[in-house]
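Below are the structure tokens for one structure; questions will follow.
Note that the chains take the letters A, B, C and D in the order they are written out, and that residue 1 is the start of every chain.
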Amino acid sequence: MRPDLGRITMSNFTRRGLLKTGAVAGAGLAMPTLITSPLAAYTNEPTGGSVTLGFNVPQTGPYADEGADELRAYQLAVEHLNGGGDGGMMNTFSSKALKGNGILGKKVEYVTGDTQTKSDAARASAKSMIEKDGAIMITGGSSSGVAVAVQGLCQEAGVIFMAGLTHSNDTTGKDKKANGFRHFFNGYMSGAALAPVLAKEYGTDRRAYHLTADYTWGWTQQESIQQATEAKGWSTVNNVLTPLATTDFSSYIAPVLNSGADVLVLNHYGGNMVNSLTNAVQFGLRDKQVNGKNFEIVVPLYSELMAKGAGENIKGILGSTNWSWTLGDDGTKAFVKAFGEKYGFPPSNAAQTVYAQTLLYADACERAGTFNPCGIAEALEGFEFDGLGNGPTLYRKEDHQCFKDVLVMKGKDNPTNEYDALEIVEVTPRAQVEYAPDHPMFAGGDLGQCNPGA
Amino acid sequence: MGILEVQNVNKSFGGLKALQNVNLNIEEGTIHAIIGPNGAGKSTLLNCFVGKLVPDTGTVMFNGQSLLGIKPHEINQTGVSRVFQTPEIFTDLSVMENVLIPCFAKRDGAFKMNALNRVRNEVDIQEKAEQMLIDVNMIDKRDMIASSMSRGDKRRLEMAMCLAQDPKLLLLDEPTAGMARADTNNTIDLLSEIQDRRHITMAVIEHDMHVVFSLAQKISVLAQGTVIVEDLPENIKGHPKVQEAYLGGAH
Amino acid sequence: MNTFSKADKNTLLFVIIITMLAPFILNPFPEGSAMAQFNAGYPDLMQRFAIFGILAVGFNILFGLTGYLSFGHAAFLGVGSYSAVWMFKLLSMNIIPALILSVIIAGIFALVIGFISLRRSGIYFSILTLAFAQMSFSLAYSVLTPITNGETGLQITLNDPRILDGGTGAGNLPVTGLFGLEMRNTFTLDLGAWAFQFNVGYYICAIFLILAFYLSMRIFRSPFGLMLRAIKTNQTRLNYTGLNSRPYTLAAFVISGMYAGLAGGLMAAMDPLAGAERMQWTASGEIVLMTILGGAGTLLGPVLGAGFIKYFENIFSKINDNVLHTWFSILPDGLENAIVWVLHFFVGKGWHLTLGMLFMLVVIFLPGGLMEGADRIRARFGRNKGKGEDTPNATNPAE
Amino acid sequence: MDQFLLQVLNGLDKGSAYALIALGLTLIFGTLGVVNFAHGALFMVGAFCAVSMQKIFEISKITIDATKTDFLGNPLKVKTPYVIEWFGESAGNAMINWSVPLAILLAIPVMLLVGYIMERGLIKHFYKRPHADQILVTFGLAIVIQEIVKASYGANPIPTPAPSQFVGSFDFGVLLGMDPNAVIYPYWRLIYFAFSAVIISAVFAFLRFTTFGMVVRAGMADRETVGLLGINIDRRFTLMFGAAAAVAGLAGVMYTPINSPNYHMGMDFLVLSFVVVVVGGMGSLPGAVLAGFMLGILESFASMNAVKEFFEMLYLPSIDQIIIYLVAIIVLLTRPRGLMGKAGVMEE
């Protein structure tokens, strides 16, 4: 017997959830029971009393601490979704679809994996969640390389991807996908938010020297910042690309003072940023005067962990973040309270973004009344909401990018405690960081169609 | 005309003159012994024949072809094989495999060993290798790993490997060093038998005079980097220069 | 015409049976049970076992036979992946042209790098290969972004030309296949509480693994293989046997580079993405670890080592505290928390620690790698040479 | 010219770190014949000695200040380091300020102990094992050490500043009659360079002029003979391993103010330092030092804009990405055993 391949083709990705209940007891080897595809409308359709989410974060490698913080926020979100704890931001969220009884009445379960901050490992981990654990949504990550890679995978597999920390323009630009959604802000928004503040604080007649991590994220951020600052009257003296593996930036920083520049922009992230900033301060750049002005350093993308790693060196340095626990709105307060009581310290902006993403996903399921990725995508596209800490926010239909206020932060001169390294300089209103979906920096991509798998 | 002609070979290491104007002529089909006290330059001379060392000046002609400036494996392909003082064998391989390699090399030489045929399908090669092991009396050890054998066995294995190549000139560096008397005699018998049967020219470095005088048809005596005497064995015994070299005369 | 010994036939049969039945063997625990966490029988991981098996088998032809320790083999894997993805982008989603190109391109790369690196031996050779691979990685990550798409990795997109298939233009991304048979197709056999997954992609990989294994076995038992082992043992004697070892080592290097290229191509065929990290020195190091851990110079060892490392990476990293709590929930709370607290250093985010400790244990107690362990177990149970019998030097640690 | 001078300074500084690690690697390889992949981890452990010293000084008495609140609105816990409590404000603060240099006092015994345990407990059993096994077991050990540090201190870099007296940079330009700010160099990096010069000289002097050193050098040349002379070479080798660990550890301690230490800093350095050792020539101490400084300086030059642009014209963009490896390839192809390697060492 040679079965028709078309009929044997059961699924593109398997769904354990389905099989768990559909299992036929006592089937003999001679007569295997084949489940046929029409039973499932989409990949990993949950059939039991629970639904599984996949939290894919870096647990080893340089971003492990950031991943750990994301994981804490995810666990908190699951607790809140299942009706545990005080409900956190569910109480302040403008949409009231979530009832604390899981998602669509199903208890929320989760699996975790290690991205290792490598696109290969991240995809392997996500695949195992989809194929083995029956995860219906993948979320997490702390670099754009991983986000883009996993987003592509989720598109192929037919599950929703709720991006974690990814700041590259490409995630919702050149590499955007119909099944992927980004809450975090991006390089363009950093530039748009920072430039006016920089012009205000340091004047419009400044000469900037860029040090840029030599890969796509670095390039897009540098391009964004350069464009935004030049629009304010700044000039760009030089842009030097630094190799990925650099740990000691001294040879890149040493020539800066003598280059005629009076501002140094460090387009680095994570360990690279901690090192380049430490090195720059070591050289005493900030104590110098160039062109009759105080020499300044700018770090366009800040995070709490990086600030912690750089210690004293960040004092007075400007940068941007997605969110800060020091904000005063109700959503933020509720989240900081829930998180702080559970873990004993305030959440990072990575934690907030993944918490928000989880809630947004769950809410979209409730509003769509289905776990079908296409239904969810429809519910999220053009969704306007508030109460998740960032003020009124829009999930734009055209590129699945969230638009919300962006914070410009500054290293605090006299922090009162160890979590208080950064202070808010300005909350840049959403209108100021918005851009057209076909902006040249985001061109070249295509969302495609939502893919429900199966 | 000898098969190997060495003329005016000089070799020095730094300030040390290891070989000075060495002249040597090995006749085809003979066993030629090179003797001399320690440090006389015997091994250095052999190294110059196989391409391990290149003489500073002088010529080494084998079968009318210069051996200078060509690589060791190319020298070997012209028909020069060498047994080392410390046996150079494939210690991780079995005895049989050790002998198989020169058998294959003899046939293939250049790069064309079949990557997909099985070793044991090559019946003629197998037979030849077995014959070599029978010749050196090691056929019962064919499956032993070479590293686990005694030094004497290793030496005989190396000899089998060299013979498997059907060399025109076989260089032996102290073939009986460290062997028991019985083994030494076996080796002497083996070498003279091979020489009788296959007419392979041999150059032997040896300290054991019993071996030298049992085997050699001609003897060169090396002292302080020069050949002081080259003559028939019977003339070497009692030669004053030789005695002087060994007993340390006035120099 | 080419007869293998009985032991060899058994080894090959063993490999065929194991790979064909892998969906059963790797899924011993019923769905939903606490132990199901340890099941490895899902398509992605099974594919990885087979692909890294091919990679390690190929690496073993170089390292296990000649003793030349290449620290840059991941470069060939990466090159293979990039070639395959470019074939998907330009030509067709059919895996055949992609695999052919990845093997050829990796072979050319190996020829160039090998030709230069093999001028040196020992650690000098290792560092030369490392330097080439690191250069490839650095360039792929940044400068060559137009070709490699840098940090984010090369993926297929909707507007690729795909001359043979015709660009899809809109809608969903096409999937890789073999004349219409999609790699991602999986059919599931439901037996009681068990669900076994049979994936097209896995079986393609498995067939390639068997072919790769068979070819490596042929090489091991051939005069060429004998020659390579001789190179490892004593190059001096080889030279004085009239043989120039360079062409043989170069051939071994290129063959093993082509194996790596095939593995890279298969990786892309299973999941059309090629990332630069695939070429990093850590990836090369992983290949070395797999081979030594399993038993360098043995036939089966490298496959075992590859499976061992990939299993840890994919299974142990996913055990989080939550899972631990479910396992020990029957225990009294205090004890449960204590056990979970201890264990959580070794699983989940601590899986590297477990792997590091296991490396040490294996190397300390099993100098011949896992194969030595297997041999010892076989000896213990008195089963005489049958399956998995290897070269005579199987128990000698490789250098 | 000024740029050139600046990059020479940079290169010497980068080179110091490379040379120190390569020196330790070569000591272990040369004396014990062991390829130690855990050497980077020893460097990292040294760096975390500095972190620990700082943490020790910052162990605090916690008092509740009811007048203030923390971020959750609970009464604020005020921390007063015990060193301030015990030694008074100024002395206590000075100790915290000087924690990195003071960490040397902690690092020496810790590193000697770590080295001793490592050699007696593990490495000893691997002297006769193949190099591949040594690499694998020390690599496994490196992962274990690294993961233990990660579990105790986290993955994020931990700032360990130099004493405030050394913040800022020295202006060589003014000294040489150039424009101010043309050639500036941070004080701490100058100290690091001087420090490594002292350590390197000390190691060489020790090997050259002490009996102990002579025996070790003899042992490096011919272990068996020295053993036959009735000298307990094993014990000396253990000490040697401890000393190599201490060199790596001290290099790590002093490095912390330059870059905040993190748990994987050892791995970041490891491959590079192997390249340095091999370029210098396996088993050669002067070779290791020479190659360390040479690669440091070349790497610094490669980062200069003019150099980058020049190579871009030759279709070699981002030369700084690959310079080290390119140089390694060129050196190894022109000099078979690196700059000063000995024949027959690790060549099979």
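To be clear about the criterion, a contact is a pair of C-beta atoms (placed from the backbone, for glycine too) under 8 Å apart; a residue touches a chain by one contact, two chains touch by 3 or more.
All values derive from a computational prediction rather than experimental measurement.
Chains that touch both subunit A and subunit D are the following: C.
Chain C has its Cα centroid nearest to the centroid of all protein Cα atoms in the structure. When chain centres are defined as mean Cα coordinates, A lies farthest from subunit B. The mean-CA centres of subunit A and subunit C are about 32 angstrom from one another, to the nearest whole unit. Averaged Cα coordinates give subunit B a centre that lies 52 Å from the centre of subunit D. Put simply, the C-alpha centre of subunit B and that of subunit C have 46 angstrom between them.
Computed from the mean C-alpha positions, the centre of subunit C lies at a distance of 34 Å from the centre of subunit D.
Touching two or more other chains at once is no residue of subunit B. In subunit C, 138, 142-143, 352 are the positions where the chain touches two or more neighbouring chains simultaneously.
Shared interface positions of subunit A, defined as residues touching 2 or more other chains, are 64, 68, 214, 241, 243-245. The complete set of chain-chain contacts reads A-C, A-D, B-C, C-D. On the subunit C side of its complex with subunit A, the touching residues are 31-32, 39, 42-45, 48, 138, 141-143, 145, 149-153, 155, 157-159, 170-173, 175, 181-182, 184-195, 197, 271, 273, 275, 277-278, 313-314, 317-318, 320, 322, 348-349, 351-352.
Here subunit D touches subunit A in the complex through residues 2-3, 6-7, 9-11, 13-14, 17, 70-72, 76, 150, 154-159, 161, 167-169, 179, 181-182, 184-186, 188-189, 257-260, 262, 264-265, 268-269, 299-300, 303-305, 308, 318, 320-321, going by the rule given at the top.
Residue ranges of subunit C in contact with subunit D, taken from their complex: 67, 69, 116, 119-124, 127-128, 130-132, 134-135, 138-139, 142-143, 235, 281, 285, 288-289, 292-293, 296, 345, 350, 352-353, 355-360, 363-364, 367, 397-399. Those residues of subunit D whose C-beta lies close enough to touch subunit C in the complex are 35, 122, 125, 129-133, 135-137, 139-144, 146-148, 151, 271, 274-275, 278-279, 282, 317-318, 321-322, 324-326, 328-329, 332-333, 336-338, 341, 346-348. By the touch rule above, subunit B contacts subunit C in their complex via residues 50, 71-74, 76-77, 81-82, 88-94, 97, 100-102, 104-106, 109, 111, 113-119, 121-122, 143, 145, 158, 161, 165.
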